[in-house]
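In what comes next, chain A is part of two complexes: it sits with chain B in the first one and with chain C in the second one.
Up next is the complex of A and B:
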């Protein structure tokens, strides 16, 4: 590190006095960036390049540790022709929609309910942090018990006479997709609520007092003060929640293993089955690339919305 | 956007690009995190041990059941008792991760000394370079002729693994329920269905089995679909559909819970052991669980299949890791435990598995066990190689997943049995060529 600084210092002597002062901080900034760039390169860029290379090659258990033969778009066409990728795409879309709507809506609702400080909101907040910190495998296993035929939810439904037969939460193709999407949303609500709450706390209390003096009810305060104030936060959370929904793997793995049949095979789970169950790493990588492409589209939308926000905001 | 007093605001284009890169990176990270993990750390033992060995035998296995874990401990104790200064280290790796971890470890030229894995997946591991060839050891093994040929895993002419025991499915029955509804243990499909109907009328469930959409599902499906004439040699959609339709009809009649699609093979046996179900299509390895959990009279009969029916002869394969630091010691471990006549009695006693050695099979431990006898009969009547010999080694995992998903789709009602069968046959065609 000293070697990179030394020439700069040497050159500085030939330049006008303010030069080095401006240069040094910039180089120092680069130095501070180095660890992050290194980690990003090793843990993100390299795997991403490997993923792309794999997606365009024939890679199986037998050839994983050998040279990979380039096969062009074969993996992509194989996925599309089998119908697996298309079906997984539409399931992923439904899944992401449910996770996003529930995660955002209930996240904001939770934040509004927890805005004021008090014993109950403190306890609820602690509970939410606990749910958020729970490993998905544990969370998913508990929900699998809760949603089973003899689980708590069905027992209550049957005991109260709301249903004559247990709800087929995890073994009917439509219910199963909705159930895993719901559990996925449940796990993201605490995070969204905490972020929303932080944004809501930045609103000056005087604003609410003024609104109350003007006769605004709770609903109007939510609609005309809170929702507009957290618009920036909403945009960021929306992207994060969409990406969270797109990587829907762990709960599906624990709760349904993609079943019944293939009813809960979303893109990430399909990629897992192809790469780590069928050992067709190339095909699995191609499916994952489709998912990454989805994330990239979201990234473009995100960047655009931020830019518009800054232009008009 | 003031950072430290400087205007650090990036231009929109640059911001756009950096946002793209960071999100793409985050996305790939998340996806990578999802993919099951392929850490090549060599397991809990010391993967960096010097060549020539540290007198430690590292054994990777996927057992979490109490009795199976106890068996691993007893094997370790047996070998350590026979050898001076040797330590056996059993390392648990979850079933779903074992193969990918082994293959990734082989890529990094490391891995365990001994691998205990699903015998059906020998081809995947051998082709992935995770297993060492056993040809020389096997040729020199004096008792090789005692071991049944159906448990020796040979891929493209090279032997990679041997099984110390055989596991297979049978029909467990709750004798108390059968006595209450007045039927005998079934010997034909009609008798089974009549008994399940009677059990349902008496307020019990008919049968439990696993409908998971993966290899466990295929293993459970095989007897029922072959009983209707399905074979991998000449896969026909109608035969497959008939097998799937029969089991789907059990769901529609209320004899089998549709929830079976979320059960691995452990859960349905626990359901059976709870005492409210007449039958369970499950394995001999459940004997320990039955003894400890079931407080009713129970028994086993061979699955009531037709003459074309087949029951897979499964069980775990045992092989030597391709990068074992002491393959000789690893082989000594295998010959002292899984391949030893006395050693083979341990799985029979503890787990209820059938020994693969002829002499061990004649032991009192096996012949005196009335629960093992129906399984021994099943081997003679319905025993089928697992996986079917006609399936190319590289397609085994694919075939199992395809049929497992069809089985799950039919039981769970995602597809009609006919549709599930036609889709599966279409997918099987190129795999079996």
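Up next is the complex of A and C:
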């Protein structure tokens, strides 16, 4: 489960904003924002400012609570010159692409398959939402086991003669990134399918009846009715899935811990390793700032798209 | 829509998803009742003598401590998040102008932040406040992580409360606070319930803060214990899977009690 899920809610309300007539007394309700403003100011905004300061300073375990020497862009150039930042950037791009393609594709596909009523669909949806609700450590652990040399996947591959040797899913340079990306999409598909399904259920049944009378097949109904009518949902889910992939950490930690070598060091994980394993907090902060910048771009796109939905929806 | 018949492609998709999500759950359960020897023997993949050894080895005082820690952290974080996010969501639902717009934008940005970007500065901040190695630090950090998410998810529930209800109440002489407490909150209780459940589930599974802010594993919650064991060398799989089952049991209880509301509540925002 992930926390990047729900901003979908932001675009929600169907009720129009209160009219100008009753605007004035309502502003007293701004006071309701005060506790959150104080709390997040101290524990979210201030830490982000600290992160930024660390990124431009020399901070090690020894100087963590002392005065930090300002070093300008040194941390950033060190990261780029060692090749770590660039390599992590391209790994992150591949990772996010795999998570997004699988997460969106199987999310929509699952929703289309699950919009039928019946016991199988109902039970499968409940199962998927339950797996989604499980802690990432649990899902990560079981997949680490399923993908191990003696795990179920390799046992089946060997038994059916598809492979002579076990596939090194988690300790081969190329397989590892793909395997973790697959498990990440596994964790996001249920949410995407649930949201897509709700969007599909709002299409009037008459539309499908009319299409069937006109001789449209299933594939045509998907292409010409379903996909266009969930376009707004697609945009929201696309950004959420991109962010989900970009900030992914839990599964990498559990399944590969960034390895083998550096094969699954995406930007957030590299930043974590630099800070908490190499104790170079400045370098780790600089890497994290690069990841934050990527998230900021997506956040702006997202805020725009939900504002459009609230205005024109 | 209810009469839709599943075509062959839909059946194949459902089969694939059933395998994808059913097998891992089944495999956690099966492995947790295997002996260590059976796990590494391909011949015993499906046929083996079940044993509860892994459970009896896993159920120790350490486990109960960890479960207590998980409960403290999850309940504490949920309570703190609701106390802060509920008024904020109501405020954002009922005000207009640049301030709430800025607030909404900030919340969207904050809830998308990578957790690793928070854990680095928070480690330093808690260290200078001498809060490291306390349960309070983990609860505070979890609450800060989940408050933006909770506020954004709660806001539509408050927007759906008819303003006329509040007007009627204020005509009767009730102040803003009293109206909020006696009129608005009861109407929006489904939303509170859904969001509270989600925050509990997320806080129960969170492990990055716990692993870093507790300086010794002695007071780790279950999720952190699991994360620590799975990244160790020479993993004891039956033991790990038994621990995974025990970690998931509370989730199963909460899930079965709230699935209906959860299913609707999660989609309330994303679809009109």
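By definition in this document, the second predicted complex is superposed on the first by the 260 of 313 C-alpha atoms of A that agree within 3 Å, B and C clash if a C-alpha of one lies under 4 Å from a C-alpha of the other, contacts with A are read in each partner's own complex, and residues count from 1 in each chain.
What we mean here is this: a contact is a pair of C-beta atoms (placed from the backbone, for glycine too) under 8 Å apart; a residue touches a chain by one contact, two chains touch by 3 or more.
Values in this document were obtained by computation on a predicted structure and should not be read as measured data.
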{"item": "Which of chain B and chain C A:195 touches, first, second, both or neither", "value": "second"}
{"item": "First (chain B), second (chain C), both or neither touched by A:126", "value": "second"}
{"item": "Touching partner for A:157 - first (chain B), second (chain C), both, neither", "value": "neither"}
{"item": "Of chain C and chain B, partner touching more chain A residues", "value": "C"}
{"item": "First (chain B), second (chain C), both or neither touched by A:247", "value": "both"}
{"item": "Partner chain in contact with A:58 - chain B first, chain C second, else both or neither", "value": "neither"}
{"item": "Contacts of A:35 with chain B and chain C, given as first, second, both or neither", "value": "second"}
{"item": "Which superposed partner A:116 touches (first chain B, second chain C, both, neither)", "value": "second"}
{"item": "First (chain B), second (chain C), both or neither touched by A:172", "value": "first"}
{"item": "Partner chain(s) touched by A:302 [first = chain B, second = chain C, both, neither]", "value": "both"}
{"item": "On chain A, the residue positions that both chain B and chain C contact, one per complex", "value": "40, 43-45, 47-48, 51, 64-65, 144, 243, 246-247, 249-250, 257, 268, 271-272, 275-276, 284, 288, 291-292, 295-296, 298-299, 302-303, 306"}
{"item": "Chain A contact footprint on chain C (complex, rising order)", "value": "1-7, 9-11, 13-14, 17-18, 20-25, 27-28, 31, 39-40, 42, 45, 83-85, 87-88, 90-97, 99-100, 103-125, 127-128, 140-141, 143-149, 151-156, 159-160, 163, 176, 180, 198, 201-202, 204-205, 207-208, 212, 223, 226-227, 230-231, 237, 240-241, 244, 247-248, 251-252, 255, 259, 262-263, 266-272"}
{"item": "Parts of chain B lying in touch with chain A, wherever the complex brings them together", "value": "6, 12, 15-16, 19-20, 22-36, 96, 99-100, 103, 106-107, 124-125, 127-129, 211-215, 257-262, 394, 397-398, 401, 405-406, 408-415, 420, 427"}
{"item": "Of all residues in chain A, those that touch chain B in their complex", "value": "25, 40, 43-45, 47-48, 51, 60-62, 64-65, 82, 144, 148-149, 168, 170-173, 239, 243, 246-247, 249-250, 255-263, 268, 271-273, 275-280, 284, 288, 291-292, 295-296, 298-300, 302-304, 306-307, 310"}
